[in-house]
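In what follows, a structure is listed as structure tokens, so that the remarks can point back to it.
The chains carry the letters A, B, C and D, assigned in the order they are written, with residues numbered from 1 in each.
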């Protein structure tokens, strides 16, 4: 029942300078608020809606930048991996390897990630029920790595829309005993909702985040950018950097109360 | 931004004695906690899953009992109505007329309810989107009654399951300016989930209630019973009376914090 | 395994002249094709999306017009009823009483309809699973009326969209032994999809109708109008009258083949 | 508007002998019926529900067996690939490379598959709308390979269930001009529905297949086995080999009629 951690950063790595700028800016806020912080960004957007979308800087350009974030600010870093043979090399630098939602059932990727010994953060597929995730987590555990985080990021609800089912948070926690993270910005995506790109309902990020914190989570994942409209991806759902502190501070207040009161488990007896 | 109100009571009226027992028991708790309380119970279960389920005591037996609750405890009462011609007679005694979710688009029922001048609490149909509710509310407003409450009680999600979409709470509030109530116990129903009756996930009531309170609601609707297993309806989702105080007290703590912090509306700019 | 019957007509009764015009036009087509025909129209649209939508001519104006259709063309007629006390008077004239989808669990309405002795056509609620319909049908059967038809008209699929689950047709048939009707034009509705009115995907009517006929149904329900764009309701999904013959003729060809071949029930062994 | 083709075989390759046995058995049936046939089987089940499920014989053992099927019976073969670096080697032998549904947005996999010049059959993700598939197909087309098939295999519908939305077939055909295949056996899967394995509704395969054929498809994909109960994967939804001929023969009858009649496109005007 520790305070929630924050996994945050821009959706895609843009440059060394931008990365250091964002990491410093977020760290300043989380230091002020006393929130544990992991810097997140992607080196490759491997499953964009269409070919006309940008891909990213690539693995080899990204690793030294991740190292620089760690060295400069002492902040651990997270990135998502897409292929088994990326895991070992990414794992040399990156502290948390994230399994994308579409890939959360790819056994070889889960095992290769597990074998790095790094923390493995698995996003729940939009096509899975919360209770399916125990089998997914078990693939990593069986590969000898107990450091697993599970992430809720919305379930398919009709077409081009996701819904956040908050019953899933305690279900996954109870089934696995693992920490549960709420992905606040992908949960408001509208996949394919703008034709060749995905839309998003940024205005719903605080609403869903409050709900998740009140239910009780180990962490919040949130993409942020100093100018979302100019970001190469996920602009419609990222949190503008200027509002990040207010956003987090609200959640801290709710988190303190939520974790000081025991959830009523006897209801199920 | 007042503290949340409570609409609570057993799903179905069982007898005069049981009604007075339940009303007194709940009032004692809400008085202690300082929560505004409206007693809820149904005189007729008009849309049971199957014919073998019990219906209820009926309108004419129920009205004097509602009056007794008001006279004895000074507690306002709520019940659901199913036909236009029930509205006037029910409205003579009952303070809040509730429109069932399946019936929330029946224009004549909405207008007949509106014309009583009583508070009209409309449950959002499981088949409607949050933004559809502004048209529903408008039917009551156009009939000259501005005292309308809107209630979220889950949306259809595949078969025999509902999902609570917490984006709906601010959407309905913003669209209509009306108070929004979260129905904590029907939101965990599993309609038809037990063949000839509906199932329920009582253990999820605190989880969804915390989420709703953190998002911000004007009230919580929750059915409760001193012995849910013996109740004539909705046993699988009612809150056992013995846990009601703890349940409400947790929600109060979150409610105070949630309402002291402004939700971040600038995100949508 | 008789050829499919047709339940067709304009969504709302507009006038005596228009009703007779439509009934004659459809009858001419169905006589030519050898299709059994029931004329459908509504005297009241009791659950419109918003108050600004038209309601209809009303019960008392409609009944003599229904009688005129029967007298003039020898065609049985169908209309939907919304309140228990409408059933007896409607049942004096109308051959098939239709229970609207939203009202399919209202026990009193089902029983009052059953007691007329007329054929009762029940639309499956968008919020119900196919296997829930056996309990619904049983309410009519228990009231002493075995003449029940069940209708598929789409299930809620996210917001403002329906999906036709064709597994539901054999499921309902197997569970109840009752004839199953496919409602081809409401299944393409987009409820609330145009803000204050419902949208529709008329272009999908032939697609879904072909699928239903190939699976095997006792009848097709389809709303039609000589000028859908000017119709008071459901314009976006009604079949233009000029295409009705081609539409039906295609379905007849598939129906003949579908019913000449036994569906493979041994698969479930 | 050619007659439908068949993509069929056991879910997983079991052995050389079993593969040749199945290929011969199916070819005998399709030759008799005059159906174009592609043999399907998987060398690796890369995304099983849990680790306790079998994986498969592996790529290097499988390729000579695929070659033997081609050499012995003159039947083209299809298999699914999971990683970009598998594509070139698989493409040396296998005629149709299938992109699994979970992986249908992985750009590198689509491009690597495209570059083999083989036919690329893409399964629509359970989390995508039909209109999202034009962007997916475009990735292969842009890589210089115009030989693309799109496959419908069900959309997420609540948890642990899929629904087949037959509006998707003409939508994808109209959007892309590509041939559309209906996957009859995966469409009845119940993902994760048996805890550590997926369930299935085999009895619904003929129902959904009839619907798809009546709507109009270029091909049917169906897994089959001489003894599904003993198969290493997907037993609950595969067609028993002994019923395959009857199943196909029914579909042929409907296919002939469906393709002889023009679908009514003028409805959308």
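Structure notes:
Just so we're on the same page, contacts are C-beta pairs under 8 Å (C-beta built on N, C-alpha and C of every residue); 3 or more make two chains touch, one makes a residue touch a chain.
Keep in mind it's a predicted model, so treat the numbers as computed, not measured.
For A-C, the equivalent interface among the listed pairs A-D, A-B or B-D is B-D, as over half of the contact pairs agree by residue number. Remark: among chain pairs B-D and C-D, C-D carries the greater number of C-beta contacts. Chain centres here are Cα averages; for chain C and chain D they lie 35 Å apart.
Annotation: 33 Å between the Cα-based centres of chain B and chain C. Between the CA-based centres of chain B and chain D the separation comes to 48 Å, rounded to the whole angstrom. Contact with two or more other chains is made by residues 155, 157, 159 of chain D. Arrangement of the chains shown, judged by which pairs touch: all-to-all, with no pair of chains left without contact.
Per the touch definition, chain B reaches chain C in the complex via residues 46-51, 55, 82-85, 102-103, 105-108, 125-132, 135, 138-139, 142, 155-156, 159-160, 191-192, 196. Residues 157-159, 161 of chain C are the ones that touch chain A when the two sit in their complex.
Against chain B, in their complex, chain A makes its touches with residues 155, 157, 163-167, 169-170, 188, 201-208, 210-216, 239-240, 243, 246-247, 250, 253-254, 257-258, 260-261, 263-268.
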